[in-house]
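Both complexes shown next keep subunit A, but they swap its partner, so subunit B is in the first and subunit C is in the second.
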Partner chain A sequence: MTFWFGLSPILVVGLGTLLLMLAEAFGKSPNSANPSDAGSGRSGELALGAAVVLLVGAAFSIGVWMVGPENLEGLEATRPYLVMDRFTVFFCFVLSLGGAFAALLAGGYLPEHDIDRSEFFPLLLLSTVGAMTLVAAGDMLSLFVALETMSLGVYCMVGLRRSPRAAEAALKYFLLGSFAAALLLFGAVLLYGATAHTDLVGIGQAIKTIGQPGSTVPVAPVLLGLTLTLVGLTFKISAVPFHMWTPDAYEGAPTPATSFMAVAVKAAAFAILLRVLVVAFGDDRLTSWGTGWPPALATLALLSMTVANVVAGRQSSVKRMLAYSSIAHAGYALVGVVATMRSADGQASVLFYLLTYTVSTVGAFGALIYCGSRGAEATSYEDLAGIAKRHPAAALAFSLFLLSLAGLPPTAGFFGKLYVFRAAFDAELYVLAVVGLLNSLVGAYYYLRVMVFMYMREPAPGAQPAVPMKSAFVSSALVLAAVLVFALGIAPGWSLDMAGAAKIVVSAK
Partner chain B sequence: MTELYLPMFIMFAIAAGICAVMFLGGQYLGPKNPTPEKRLPFECGNDTSGTRGVRLSVKFYLTAILFVVFDIEAVFIYPWAALFKGLGWPGFMTMLAFIVALLVALAYCWKKGALEWES
Partner chain C sequence: MSPGLQLVFEAWPYLLAFVVGVLIPRRQGLYERIAVGVVAALSVLLVMGLWPSKEVVVDAPKPKEWPNLLNVIVFLPIFGSVSILFLPRQSPKLLRRFTLLVLGLDFLASLWLLGVPMTAGWHFQYIREWLPSFGIRYHVAVDGVSTWLILLSTFTTPIAAYVSFGSIKARTKDLCFSLLLLHGAMLGAFVSLDLFLFYVFWELMLVPMIILIGIWGGVEKIKAAYKFFLYTMAGSVLMLAAILYMVWTHKELAGFVTFDYLALKNLVLPKTAAMLCFGAFLLAFIIKVPMFPLHTWLPDAHVQAPTGGSIILAAVLLKLGTYGYIRFCMGMFAGPAWSAAANLAGLAVGGGVLYGALVAWKQDDVKRLVAYSSVAHMGFVMLGLFAATRAGVEGALLQMVNHGISTGALFLLVGVIYDRRHTREVREFGGLAKVMPIYAAVFVLVTMSSIGVPGTNGFVGEFMVIMGTFVSLPLGSHGQLQAVLATTGVILAAVYMLSLVQKMFFGPLSNPKNANLPDLNVRETLALAPLIALIFVLGFFPNVFLDRARDSVATVIEGYQEGRKAYMGMEPGAAAKLRPRKGGNLETGYPEPPKPGGDAAKKDPAPTAQLDPARPAGGAP
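Up next is the complex of A and B:
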């Protein structure tokens, strides 16, 4: 029984996916007799179902966390394919929460914008299950399967809207995603060839023997495998220079799908990146500045922050700006990942950062959704002009999430950035920390620009101003996200302690 | 290592060399006498007709995908059947869960009309 309870965060959502699929196919559509459109016009109930499933999954994560996965008997049986440790449970919570937000946003967005395809919700749940198993993966095989499970659902969600732009976005994401997955697989093959292990722990131990007498592990394939694995994973977190797909895919996708990609896909990819780096490539020589991965990831972090911030400031579409902002945030979180090389707080800072980033980003996309209505989706800065007068609550919520993304106190984003940069200082990565701080200042410019448009501009004469939508789904998601942003910003202690307890510790064998 | 693979590399080199000699020889030494007939793409002796791409109904794609999905899933059942006794009840239950998930997928496809050829 303890075994099933330990796996429950994933199992609940998995079972819920199957049930929701059946509910979608076997229900009766109010506006179409065609069986293939059985979900048409039922976005509301299906969104509610999906959100309930995901929130129950989150509740089970909390339950497993309270009991402690290490106290549950028999849970080691799933290792190394699924590693249910505190790290996994922490991310199961974050991912179910992010998925639930996306489901709520979609419940308001899809009917409003006439994207009458309720396949969205089973796909969303399926992707979330994939993301959870990805976080739990302790073996290159399960890692790859989980990565594909997560990605396939997202590819479909991106192309949900039947427009050339959405098709372009989906195709671009799919092709580049396939390439990245292939590179990751190639890396895994090389590592297997060099170390005769597919499980991360085995790879880590084999790498430790390099240089010892009698070791048969060659160095070159290990380094090449490390590089290819990192390329595959940094593609998913959309770090520069592997970010080319991000703006197009984020802009072409329906906004709830965008928020899911920015939040859940990114968090899961960061989680597995951390796990791979710590468990498989945690050898002292590989975590040192001279001979390991830190300089490579530090370069990616620097590029991501700087390039994304510079380009984000020049966007005319708010959605595209948020896409670039998510690339910049991947850069900040990468700073924390690099800091794991020397600082004990590195991992915890990344985990906490991802939590704060999740609630702020979901809120920002939600507020953007909220500001538009049928036929007039708010996408550009001009669409948002003067929204503060017409709908003060929407403008206030949007401002809160933007402030959190910019990293101003007393919001969640402030502490997220604070801990990441502090970990970087602890790890003596002064350049990274300082560039990160400067970039936060640059980033504040384009976040504040949205607020300037909302509060100080009037819509151009003759322009059709965006009219905020009315949707209980979206507003409840916004309220929940706002509460979390404040809670994490005012009392970050408890969740930071959780992040600290969740970090992966590699037993020294 | 080197002794083991050297003969193979030599064989590759010889094969590549022979191919290169044949192609280049034909290119430079052979007589050339092109006629419009000869320059046509070869299509089993028939006259060429139509454009290059043939548009196929998307139905074929759907059927093919469903076939691949369910066929691959069926392949998973073979190793279980071969080890049926050894795996015992836990193995049976796991396979049952797998097949239930598969059934849900089949029911979904059926209900959604993915198995209807004429629609």
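Up next is the complex of A and C:
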């Protein structure tokens, strides 16, 4: 029994997916007369179903957290393929939350913009299950399978609109994603060849023996494998220079799918990146600045923050700007990942950062969705001009999430940044921290630009101003996200402790 | 005697002032009359209550300090701003009254600060754990320095709000929201003794100020808003980096994390690191002050901001920079501050006092002129702080308040003429004294205060700063030259202000558009009256002010010298170290290490006891 309870965060969502699929297949559609459009018109109920499933999943994550996965008997049976530790449970919660937000947003967005295709929701749930298993994966095999499960659903969601633009986005994402997955697989093969292990713990122990008398592990394939694995994973977190697909895919996808990609896919990829680095490549020689991965990741972090922030400031579409901003945020979180090499707080800071980033990003995309309505989706800055006068609540909510993304107190984003940069100072990565802080200044500029348009500009004469939609789904998601942004900003104590307790501890000496 | 009669006997000066105030205005409604009466009574109350002759009562029991007072002062406006969101935007009158009520209550609450003798040490201290795992506490307190800045802001913000409501009719809800939030954030920054808390309030000020500039500003408002935002943010992110570095170093040395000012103050950093951290803090503060060459955002922001925004900007927001310098740069980085003082003072004199004055002279736009005069005045304040003598710092503190009063009044007066003519070009005016005699008289009076004519507040402050600079130790032999040059700056101030007055008010009434301008109305008079009263109160009785600041200024200077000694004692290449705690009332509320490390907690008080008697008594150089 404790075994099943321990796995429940993943199982509940998986089971819910199957039920939702059945409901989608056998339920009666209001448009069933038209065979080419079968299954449309039911986004509302399916969105509610998906959100409920995911929130129940989140509730089970909380339950497992309270009991503590280490106290549950029999959970070791799934190792190394699925590792249910506090780290996994923490991310199960974050992913369910992010998925639930995306489902709520989709419930308002899809019918409003006439892409009322009900397969979106089972796909969303499947991707979330994939993401959760990815976080739990302790073996290169399950890691790859989970990664593909997560990605396939997202590829479909990106192309949901069936416009040339969406098709281009989906194809681009799919091709590059497959390429990255292949590289990851290649890396795994090399590691297996070198260490005769596919499980991360085994790889880690084998690498520790390098240099000891009698060791048979060759160095070159390990380093090559490490590099290829990192490339595969940093592709998923869209760090510069592996970010080329991001703006197009984010812009072409329906906005709820974009928010899911920005939040859940990225968080899961960060989680598995941390796990791989800490468990498999946690050897002292590999975590040192001179011979290991930290300088490579630090370079990626610097590039991601700087390039993305500079480019984001030059965008004319808010959605594309948010895409670049998500790349920049990947850069900030990477600073925390690099800090794990020396600081005890590094992992916790990344975990907490991802939590704050999830609520703020979901809120920002949600507010963007909320500001548009049928036929007039708000995407550009001009669309948002003067919206504060016509719809003050929408503008206020949008501003709140933007301020959180910019990292201004007293919002969640501020604490996230503070924690990451504090960890960087702990690890004596002064340059990285200072560059990151300066970057958040650049970031603040383009977030502020949205606010300037909303509050201080009038729409151009003759332009069609965006009219905010009316959707209980979207507004409830926004309210929930706003509450979380404030709660994490003013009283982050409990979540900080959780992030601190969730970090992976490698038991082997 | 009945209590009612007794009250009349005890409170007769206030009642008299009230009655006179009510009777004076002609042809006005009851509300305006009562308001004038209240202002008059409060002015009398202020002068009588602050009269320094009360020193006899040394043995009197210490007045009780209500620990929640600062919380009330800071959070009343913040909660007010949140409640504004829930009031209907269709009824601007309600919104305005609510805002004024909150600001008024806040002012009354802050008057309590004057009720206790400002001895050295912290007053009205309030400490709560906020994020124990991060070492962040909610720690607020005031001393003689911050008290005056709090009073200045609770005093000027209602005036600014009152003026804004006269000229701004659009989007009242946004206006009320940002005014209240800005007010609360500024007060919070003045009282925070936890660096994290300080940073939170410091950043919280940004957004409402941008809204004030960007929504109701002039033609170039959006550019000005960006400029303001980017300048201020650039300073503050580097400050955050320095804070994080110091917190981390402190943790390595003391074994526990804390953001508390009292603890970080005892940190002696290695020389390079100290210089860098000092630089980061200094940058944040001199951008805010602003000092040459980082002053370029100020004229833009001022010219584009609405009158109320300008008043808040000039009167309070700039003071956060100078306050930050006194509290944090002089408190935590005495060594680097000392060694950089002479150069920085040169910058303050050359770039601020002289250059600011010369540029002000050449301006055609009255508001731009006043903005550059702000640069010059703030140069004086910074000069006094760099000099770091008792007279210099006290003068700088007084000059901060003076600048708030006189420049606030000047911006208000410029706003008056702008509301009537919608232009601020000097050449559009001339001979205004003939059509607006009261306006002209008030303008000349405020000009006198701004120039520093004896008898007004400006004179005392500038005189003390120059005197302090002349004998300053950190400035060394440069001090005398700088004092002489600063005196030239006073003359230049007279040149640009008086030529402005001459061009605007005297000579023939050349522009026919000016022929029928109405004189000051009641709202404007009411807003100006308290400022003018204070110009004379501080001009004739500066001791009202200086008495309360004296002990704290002495403490600041003492800490500055000790900090410098500790810094000079560092060997090149030595690691950071912690100074032993001194104890005493300056360190009440010192953060204790968390409970599990009980050993450290027990060890700590020991050095306190040993070192306490060794504390030097005097502070003056």
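By our rule, the second predicted complex is superposed on the first by the 503 of 509 C-alpha atoms of A that agree within 3 Å, B and C clash if a C-alpha of one lies under 4 Å from a C-alpha of the other, contacts with A are read in each partner's own complex, and residues count from 1 in each chain.
Keep in mind that, in the parts below, a contact is a pair of C-beta atoms (placed from the backbone, for glycine too) under 8 Å apart; a residue touches a chain by one contact, two chains touch by 3 or more.
Computed from a prediction, not measured in an experiment: that's the story for all the values here.
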{"item": "Contacts of A:Leu175 with subunit B and subunit C, given as first, second, both or neither", "value": "neither"}
{"item": "Touched partner set for A:Ala460, first subunit B, second subunit C, both or neither", "value": "neither"}
{"item": "Contacts of A:Phe425 with subunit B and subunit C, given as first, second, both or neither", "value": "second"}
{"item": "Which superposed partner A:Ala196 touches (first subunit B, second subunit C, both, neither)", "value": "neither"}
{"item": "Partner chain(s) touched by A:Asp497 [first = subunit B, second = subunit C, both, neither]", "value": "second"}
{"item": "Contacts of A:Tyr445 with subunit B and subunit C, given as first, second, both or neither", "value": "second"}
{"item": "First, second, both or neither for A:Val483, with subunit B first and subunit C second", "value": "neither"}
{"item": "Subunit A residues touched - subunit C or subunit B, whichever exceeds", "value": "C"}
{"item": "Touched partner set for A:Pro392, first subunit B, second subunit C, both or neither", "value": "second"}
{"item": "Footprint overlap on subunit A, comparing subunit B with subunit C", "value": "none"}
{"item": "Contact set on subunit A toward subunit C in their complex", "value": "388-389, 392, 396, 403, 408-410, 414, 418, 421-422, 425-426, 430, 433-434, 437-438, 440-441, 444-445, 448, 451-452, 455-457, 492-493, 496-497, 500"}
{"item": "Footprint of subunit B on subunit A - complex, ascending", "value": "18, 21-22, 25-26, 34-36, 38"}
{"item": "Of subunit C, residues touching subunit A in the complex", "value": "85, 89, 130-134, 171, 173-174, 199-200, 203-204, 206-207, 210-211, 214-215, 221-222, 225-226, 229-230, 233-234, 237-238, 240-241, 244-245, 247-248"}
{"item": "Subunit B residues within the subunit A interface of the complex", "value": "101, 104-105, 107-108, 111-114, 119"}
